[in-house]
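In the two complexes below, chain A is the common chain; its partner is chain B in one and chain C in the other.
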Partner chain A sequence: MLGYTGKILNVNLTSGEIKEEVIPDRVYEMLLSGVGLGAYVLYKRIPAGADPLGTDNVLGFVSGLLTGTGSVITGRWMVVCRSPLTGGWGDSNCGGTFSPAIKQCGYDGIFFSGISKEPVYLYVDNRGAELRPAAHVWGMDAVEAEQALEKENWKRKKPSIAVIGTAAEKISLISGICNDGGRIAARSGGGAVMGSKRLKAVVLAGTKSITCHDPEKMKEISKELAVKIRKQNMPGFVPGSILAFGGSMLGGMKRAAPMDGILVGMLMKRWGTPMNNLMGATSGDSPLKNWGGSVVDYNKSYYKNIDADRIIKRETKKYHCYSCILGCGGVCDIKDIANGEFSHTHKPEYETCAAFGGLLMNKDLNSIFYINELLNRAGMDSISAGGTVAFAIECYENGILTPEMTGGLELTWGNAPAIIALIKKMIAREGIGDLLADGVKVAAAKLGIPSSEYAVHAGGQEPGMHDSRMDPVLGVHFSADPTPGRHTIGSGQYYDIMHLWEQVSWAPVSGSYLKADEFIPSEKVALKTVANSCYKEVADGSGGCLFAMTLGINHWKLFDWLNAATGWNKSGDEYMEIGKRIQTLRQMFAVKHGVDPRSFRMSKRMAGEPPLTEGLLKGNSVRIDEMMELHWKMYGWDEKTGLPLPETISQLHLDEITQGAA
Partner chain B sequence: MQIKVKVYAPGFINHDQIDERGFLVLEEGATLNDLYNKIKLPLPLRLNFFCSVNYDQAHWNTKLKDGDVVSFLFPLTGG
Partner chain C sequence: MGKGIATINYAECMACGCCVQACPFSFLDLMKTDVDVYHKNYPQLVPDHKCTGCGLCATACPVDCVTIQ
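Entry: the complex of A and B
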């Protein structure tokens, strides 16, 4: 009755053997569930240097410790593996209904090793688990396959299904794993690992109950938050265009100060993540023209077309992930566009709008809707795909790619039909698409050009659509994290809104301060980046959502829920130490597999080397090397190399946990 | 008598009278409008939906009491 089941399921796809394994309580106390449990299993089990696409890589689906316990906005599941994209630790998380389904089958995680001879899927219900043939759904896109498997397996309960599309079947290194008709755990190349194992899907139909230590307390904390969120409603007369004004104010501000995340809830409830479409363009947050342009290029005549109002106009209903009280998603029927018709599809999120909007100088919203659907069905990461198209356009403009190489496609900025055609080629690995289907780093290497030239990435991962030249704290997370290029680990703004200092003794208090101060490497800024990432790992161990984190720790009471779910009675400092332990284990994993953490440094362009010459970010550059060193130092890792120091490993008891690792 | 309220206001607001932990001291009986004046809040941002007291939308003449939380809506980017 501790919020977790204490068991995992191990599936060997080579031999077909399926075995339960009991995980000691101490592992949960040290690492929680979710990403922490995943790091524990994968560190111990994957031999050093194992091929990410080979039999020895382990692919795990893990649920959060808090999922299903009565807490809210804690329903995310995670996929974990050795990343074929970065070579180091790979994880990615997703909402929908899959996370509780793992626990309802009686497990905290399901781990796959080996490679199946033929395409298979795993079916699990209360009676047990079995591998079943999947040849009949191999070749289908993720939505078609999910629908077919749902029909086949819907008996007492509608099953929850994680499934790959055709991009992962073709081992695209920028492919992810989908669920709930178009949600996707997109980052780290987890789809390619699943495709390499010939595992088409995981179908879960268990109905076991999820228990915890103090369900009444769980409900009480959840209710307190729900009451506050329910009150946050944006008046209907307020237009989405106001967000452009908000962005201009944000971008022009010289000072920053802690804000109250609860009020942001009204923006999320009304517009979801596309609330940032205009704000990002006008504040400098959205990278434009492959990180080489500014709002001077992508001006109002462009960005007005991606106004969040134009997106939610197509919503037929709001979409809530399991246990979510915000409901930032939206279900759409796309009937009025030239490119195709789809019913019950998910609206494009901010990341997709930015990656196929400003990053490509594209102002055709219809094309963004269509590309979003193509990518969700193929199971390809829209951030990486957009970054790769931007790279291709710049290569084309500079004569590195020729019309002969592109099959006649005129790859110019904002050419929506050409962008759609290129995406189709990437999904099918056809012609130039085959060169680009593995992301910018691989494509640059194949073209024989310096990766830093037009290929914008960190450690092989295309970055999220947020500009480190606006928020240098974000740049540290892009560069110094075991999952590089990840925009969800933290930022200066996240820090200011999460209010960690209220419950964590060492987290610096953030009063009103000059934004320019964050560009100066200091131990205070480094403590913020350490706090951001420790907290993110606690949230990822719990199944928490980023948008819940940004409500603030005094509203979304993660530590209180964890205590009520487990009966542990730990302090904020103790939970943050767990976050530090998970983060250090993820870094140890990367090092074990030969990654040099310094190689994850973000591309020069992302750091403002050279700086932009116009727009809001004009002249901004990030002293990223010094900031990475300070971040690592404050973690207790070697500041020059990023390797966790033996005394830190011992202090965190990671030497004990990882004993007997492969 | 004085009261102490917690204020979450954007960085462009005058923070001179707000301490590092976000607290602002007002005279007992002060209204939200008094707070607006003290932090020199621009007029367009005095619309009801931009500001809440204890997470309820509040009118400019709402009387504040010790321990109240006054929050302003401000956009968040970055994720």
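Entry: the complex of A and C
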């Protein structure tokens, strides 16, 4: 009774063989479950240089160690694989109910190798697992397929289903894996790997209990947080437009200081992530016009249209992922949009609003709702899709793409009908859409060198909608992480509200400081980036949500829950050592498969090379090469190459647990 | 667990859905209510449920707001 089940399920799609495997306790003590368990299995099993879309790649679905143990906001599941988009380590996480469902079937993870001859899905319940034909749902979008599979498999308990849409069936490298009718593990191209294996879905209907060491203690910690969150209610008379003012204030401040993260709960409960739509535009956080513009271009006459109030006005119900006490999600009525083609959509996240709003100079909110549903159903990553459309618009503006090539689409900034038409082409891989369906790096390689200036990415992954020229700490994570381009690994702002220094001896205390100091490479800033990423790996091993992390370790007591769930008695420093181990193993995985970590450096535009000439970020550039070197050095990796040093691998005992790797 | 059916104390419930996922028969579901200002979906027994009072939902609740009564 340690919070984890100690078992995984291995499915060979070529032979049809399904086998249980016991994982030693020591692996969990060293790497937790979730992403750590995934890294352990994939590092050992995938041969160096294996084709990400071939039989040797392994696709894993893993649950978090804390999922189902009585903790809260710890219900995330993760997909892991060798990424076809970056060539290195691939992972992506998602909410909904799929994470507890994995454990209720008796496993911490389900891993697929090989390639099926025909489309199949895996069904698992208490009695066992079997592969079943999926030809009847192949070709359906993710929502239709989920509904069909739910209907045919709902005997006693409603099954939890992870499923791909048509984008992944067509092996789009920017496709993800969907669940709960509109959630998606979107990043790293995991959908393409699932599509390449002809695995349409994983259907889980187990009802086994999830146990842990000290359930009473687990609940005691949860209740303490619940009392605080219950009090966080934004008065109804406060308008969403106040967030634009808040953004201007934040963006204009020369100094930063730690804040109490519990306030994030108030904003999340009211608006969800669209709370950042206006704040991001006015603070400089949202990249605008394919990272080439500023709020001078995407000014109030534009951004007022994506006000979070206008979004929640359509919200017919709130949506919580499993075990979440914040509930940032929602379901919105869109019957009046696009001639009633869809009745509703999951509330568009900030990332989607920014990727199809300011990044494209688009002020048509209805088009964002519609595109959100198109992408959720196709199972295509909205961040990457938005970044790719922005690339296409700039190529069109500069004559690299012509009307003949676009099939007559006038790809101009903010042209919502053309953007919608292009997204449909990308999903269907039709005409110009085929060129763009694999993201900006692949498209730029096909179009030739002049287009590469407009291809904004890090290591092939289009970046999240947060500007590294405002927050250089974010730039380090975009560039120096085994999963490049991720806004979820960390930032200076996250660091200030996570309060890690309260439980981690080496995490720098964030007092009041000059924001300009963050632009100067230093060991102190590097310690922050190391702390951010170690903590993220602990959270991803536990099933934790990024928005719980931002409540602060003083409120969302991750380390205390881990001790209570497992019976361990580890300190904050020891858990961060586990985070460092997971991160180092992810980096070893990337290196094993031939990735040069220096090649993940973010595009020049993201680093402010050259800097913007107007707006809040005017003149800002990030000394990213020096910052990457310091980050790697503080990790115990070679500062010039990013390769984990042998003494670091040995000190973390990674040489021991990766013995016998393929 | 005592005799009875799943009963939710909405003053304490956080709408996290742990009880819903724990029910082996899906007799609980998250449904719209007027419990709070956000009109969140809170757990309720579905119409025509046959709750056995097994208590798995109560065990799963992180804030102890589900009881069998």
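Quick note on the criterion: the second predicted complex is superposed on the first by the 654 of 662 C-alpha atoms of A that agree within 3 Å, B and C clash if a C-alpha of one lies under 4 Å from a C-alpha of the other, contacts with A are read in each partner's own complex, and residues count from 1 in each chain.
Simple rule for what comes next: contacts are C-beta pairs under 8 Å (C-beta built on N, C-alpha and C of every residue); 3 or more make two chains touch, one makes a residue touch a chain.
What you see is a predicted model; the values in this text were computed from it and never measured.
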Q.
One more residue to check, A:64. First (chain B), second (chain C), both or neither?
A. neither
Q. Regarding the shared-chain residue A:228, is it in contact with chain B (first), chain C (second), both, or neither?
A. first
Q) With the two structures laid over each other on chain A, which partner does A:472 touch: chain B (first), chain C (second), both, or neither? A) neither
**Q.** Partner with the higher number of touched chain A residues, chain C or chain B
**A.** B
Q. Counting only touches as set out at the top, which of chain B and chain C does A:348 meet: first, second, both, neither?
A. neither
(Q) I'd like to know which partner A:101 touches here: chain B for first, chain C for second, both or neither. (A) second
**Q.** chain B versus chain C as contact partner of A:324, first or second or both or neither
**A.** second
Q: Please give the residue numbers of chain C that touch chain A in the complex, ascending.
A: 12, 14-18, 21-26, 30, 32, 37-41, 56, 59-64
Q: Could you please specify the touching residues of chain A with respect to chain B in the complex?
A: 228, 231-232, 234-235, 238, 243, 246-247, 249-250, 253-264, 266-267, 275-276, 279-280, 283, 285, 464, 466, 471, 474, 487-488, 491-494, 497, 509, 511-512, 515, 546, 550
Q. Which part of chain B faces chain A closely enough to touch in the complex?
A. 8-13, 15, 18-22, 49, 52, 55-57, 69, 71-79
Q | Residues of chain A defined as touching chain C within the complex | A | 68, 70-72, 97, 100-101, 104, 154, 156-158, 207, 209-210, 215, 218-219, 222-223, 226, 229-230, 233, 236, 269-270, 317-325, 327
